[in-house]
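One chain, chain A, links the two complexes that follow: it is found with chain B in the first and with chain C in the second.
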Partner chain A sequence: MPKSMSVVKQAIVADAGDEVDGAMAESAAAGQVAAGRKVLPIVEVVVLVAALVAPLVLQDYLTVFATRVIILALFALSFDLVWGYAGIMSFGQALFFGSAGYGVALLARDLDITNIFLVLPAGTIIGLAFALLLGGFLLLGRHPSSVIFVSLGTLTGSYAADRLARGWYYLGGQNGIPSIAPMTLGGYEFSEGPPFYYLVLGILVVVYLLCRFLVRSQFGLALAGLRENEQRIAFFGYKAQHLKAIIFAIGGAVAGLAGSLYAFHEGFVWPNMVGVVVSTQVVLYVLFGGSGTLIGAVIGAIIVEGVSFWLSDNYRDIWPIILGVLLLLVILFRPLGLISFVLGERERVGSFGASRKEKRNAAP
Partner chain B sequence: MPLLEAVGVRKVFGKLTALDGAALTVGENEFHGLIGPNGSGKSTLMKCIAGAEVPTQGKVSFINTDITAFTPTERARAGMSLKFQITSVLPTLTLYDNILLALQAQSSLFDLVFSRTRGALHDQVMTMLTQFRLVDRAFDAAAALSHGQQQWLEIAMALAGKPKLLLLDEPTGGMSLEERRVTGELLQPIKQHCSLVIVEHDLDFIRDICDRLTVLDQGKVLASGTVSEIQANKAVQEIYLRRA
Partner chain C sequence: MANAFVAAFEILSFGAIIVLIVLGLGIIASMMGIFNFAQGEFVLLGAYITYLAYAKGLPIWTGMVAAPFAVGALGFVLEALIIRRFYAAPIVAMLGTYALGLIIRETVRGLIGGFYLTVPEPIGGSIDIGAMHISAWRFTIIIITLLVMAGCYLLLSRTSFGLRVRATLENPSLARASGISTPLIYGATFAFGAALAGLAGALIVPVFSLFADLGLRFLIQGFVAVMVGGVGSFIGPVAGAGVIGTLSAALPWVMAPVVADVLVFVLAIVFIKFRPQGLIAGKGV
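Presenting the complex of A and B:
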């Protein structure tokens, strides 16, 4: 596993170099842009290295906790795509996370399907399908839907799913589905611990790189236009609602993948997992870490979960209050999240211009 | 056959009748000025043509197609483009990316995701930036531009999709005299491939650049004709030109 990690790390570094190269266009100003564009890759590599060594220094029970955090970071990525990049305020992201969790739990319970190559794609597709359904309804009207309509629509979806799960005997009602069999690969069973941790980290890195590819592409430029001024880009001829529905669906797929990992890691699913509390939690991760950066979502999930864990150990009674105040302070004074301490606005938005290679190919 | 034809356009906001049977006809490669006192309905008519507002009554045709019910996206794809009255360049993006965003609007989703048109559009981006005298600032954020430069950037973006008709709502608003002069120069060359409808308070600017004028007053057309016809029109002189 560590070998494949180093490959991924190289890919991140190579990718970063490519972007600097891309910014080196004709103008003298490009030099400044390139010079100022170095923080994000450094942060990404630091987080990756920290994540790689974590199980080596952490006690076993903390590795289990860290695995959960990495899964939640994957979940946070899905919300960052939807909110940070497309400006869709989804208060129902847990719907896709939890329904995929329930889906794979049912596969394991009723059909004895636990093969990793079946359950993870299944969870991803469940998340995608639910997001297509809800997104199609909320986003694909003839005229653009308001932020309030979409946030209330997603919130209602999440709340309704929670109530539905609580009352549905087949889904285990209030208790959910306990004792899910472990995920398998051939004869190997993924149980809690370092192997599960590195599996989840590997998936996070791959999904992260795919998201990064997407948001730095021309599609990402269209998303940047979308979140800044939806009406304006419609007047350019963009099908703004389609763009939104697509990114919402991708977000749903990533949330579904995270949800299915979560279900197998925890060994059970319960109604909260589709509900409003988890939906709100993911919003907090991303606001706390910094939206529209991908890595901010990961950092947010790690810090919010880490701080909650530490606080609940040391201040058993009042920790939620401390956490709440902390979150408020960040949102008040750092509306762009913790990442904004090191990351400037210009670098956060980034440049989408052609790289040298692409320009060469374009030359007649 | 005219490029754009709006007939009997009525627009009511609550108790206010902003447009009361207004009309506008624009031919190919024609620069058409839309003038009138404040509150005469110029901007509303512009919005009805652009699709930002839906007329209460009336019909808008563009290249022989009834587009009254088209969304802004559909209008853009039919070859119509708009520069808003309030500058709406995307301030956090670089100038380069602002233009690229406009240029790539009709690329397929597949091309966008895999950035397949990015290299091919590079030369067009640089040409437009050069044409609008912004190439030195190509990799600055648009927010760093002066107001006049933001207007030019926005006109460049509006022209990026090679429209047949460009609607300009107050292109010289807030500009210095020198910037106005340059704006006129920048617009001249596009006449070869594009018609223009301009709403503008600066009558000197309108006189210099337009072929024909339509004068609105209280939501109705007061007069329409060539610049010299309008200048000679008694009713227009009384209601508008003398006051201005």
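Presenting the complex of A and C:
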């Protein structure tokens, strides 16, 4: 296995070499390459510092809002792993987010379990289990599934879960499960506010660093290869489907963690949380911010939620239309998201390869 | 006996509605290989135009006739301006059409507010057969669906335009080499698919009433139907729509509606997994 890894590395690096030669010809692009080397850590540190000081300068109700945004950023991270790194279009990421939310809500309601060391792992495992089930079914099998089938399959799964949650009396039907007890640590109760904010931020940072380690590892290298050219990776002897199923499950686990935090922060869960609305919302975050960079997903969540919070006061009716127009513009003219304004193409992909933009989304 | 007949009629009329909605979706998916997320909003627009005609005091019929043409024209413009850029990348096409759908849906929501607006049936009343009563308008929908299906089939299989469409579907480069303007064919097909959605919206608005999420309700059912039927032919999506429409209308009669609702989707996904080419494989009519 290690040997084949290094072969991939060489092949992709060789590709990168060609790209560099081409890029050097244009001085503008070359400048971007040279300057682009250090941008990513700077962006990450800026976002982290901003997130750290935010509760100190924000009013209380805004801190509550910021907590929600951080949780959604964690959720966006899970989608970015699946789509931005492995090229699996998951239109049903809310299924894992929401089912974990429902799971911990039921734990709190029926079993009175609110201990943070029990509910958060429980939520993560629920997300992981659902993702393993759905991802295993959609991705594994004798014939590789088409990218269309996977995206529509996940979409359908999320929609079906939404319908089920709406109609199932045990899950509260249309109203969901209201007034979930707060998360506890010993005798301490996490209620909305700065402590909850820093808890969530801490979790986000840890998960972010884990993901960062993951996508820079040999595994991440194989994933990047998968995204760029699945066939070539298969020819190198990788089980492409297994790699996909693994990253899909990891994405589900992260979404589950985010979902359980969200349930406890909001204090209630309702059917939309597993449904298509939230599933597409997370796609928006990542597309806006920039898929294929972890920080892009975080920034996307912050920007979309922030702007919608700010605009919805004054322009409640036309905000969704503006969002649609902006999304269309981003898809048409900035397919790599807002982060691509500051981040060079080579740095986005990382040190082990370069991508061809036009091939990114083409199904093999 | 009477009960079974009424049930059969309900199932048939719902199946007809799904077929009508899926036809346009299937034609676009087969032709361009993209799954149009804005299709539900084309249905919504058709419904909205019919409502507008009614609200302005015109006969409802005028709205229903105008809807397919207006929506088709809009589809043609959108294809030329935006959709055309997505043909190489099916996933980007999904996202792009989703964004388009979002814009249309929210605009209509802004225009009508969060209300459920009713439009009366142009043919009211019921048809009595012995002791049984069936809704005259639903019966009309079934008839129109059959006519539209027959019309589509004849258009594709008997006219020279249909020949060009099939040629472009089968082998675009050869079609181009033979002097067929494939961009024009793509534009026309997209407009035609949008027009069918507009017609569907116009016909169903008296049954379901007008609300902003009207189209969304049918979109996923439509996608599943197209996949079950098989992309690439005219008859495939129609068959898939028949199966999905019949199942989703029939199962609630024998089990809890919630279970039935979910079961249809699960069955469909399992079916597609093990038969990815769908019910009817192959290209052509």
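The rule we apply is simple: the second predicted complex is superposed on the first by the 315 of 364 C-alpha atoms of A that agree within 3 Å, B and C clash if a C-alpha of one lies under 4 Å from a C-alpha of the other, contacts with A are read in each partner's own complex, and residues count from 1 in each chain.
To be clear about the criterion, a residue touches a chain if its C-beta (ideal position, glycine included) is under 8 Å from a C-beta of that chain, and two chains touch if they have at least 3 such contacts.
If you're wondering where the values come from, they're calculated on a predicted model, not measured in any experiment.
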First (chain B), second (chain C), both or neither touched by A:117: neither
Chain B versus chain C as contact partner of A:237, first or second or both or neither: first
Which superposed partner A:219 touches (first chain B, second chain C, both, neither): first
First, second, both or neither for A:287, with chain B first and chain C second: second
Which superposed partner A:143 touches (first chain B, second chain C, both, neither): both
Chain B versus chain C as contact partner of A:333, first or second or both or neither: neither
Partner chain(s) touched by A:170 [first = chain B, second = chain C, both, neither]: neither
Which superposed partner A:341 touches (first chain B, second chain C, both, neither): neither
Residues on chain A lying within both footprints (that of chain B and that of chain C): 143, 358, 361-362
For the chain A and chain B complex, residues of the former touching the latter: 23, 25-27, 29-30, 32-33, 142-143, 214, 217-219, 221-222, 224-225, 228-229, 231-240, 242, 246, 345-346, 349, 351-355, 357-362
Parts of chain A lying in touch with chain C, wherever the complex brings them together: 89, 91, 137-138, 141, 143, 145-149, 151-153, 155-157, 159-160, 163-164, 166-168, 276, 280, 283, 287, 317-318, 320-321, 323-325, 327-328, 331-332, 335, 358, 361-363
Chain C to chain A touching residues, read off their complex: 35, 82, 85, 88-92, 94-96, 98-100, 102-103, 106-107, 109-110, 216, 220, 223-224, 227, 256-258, 261-262, 265-266, 268-269, 272-273, 276
Interface residues, chain B side, partner chain A - complex: 50-52, 71-73, 75-77, 81-82, 84, 88, 90-94, 96-97, 100-102, 104-107, 109, 111-123, 125-126, 135-141, 157, 160-161
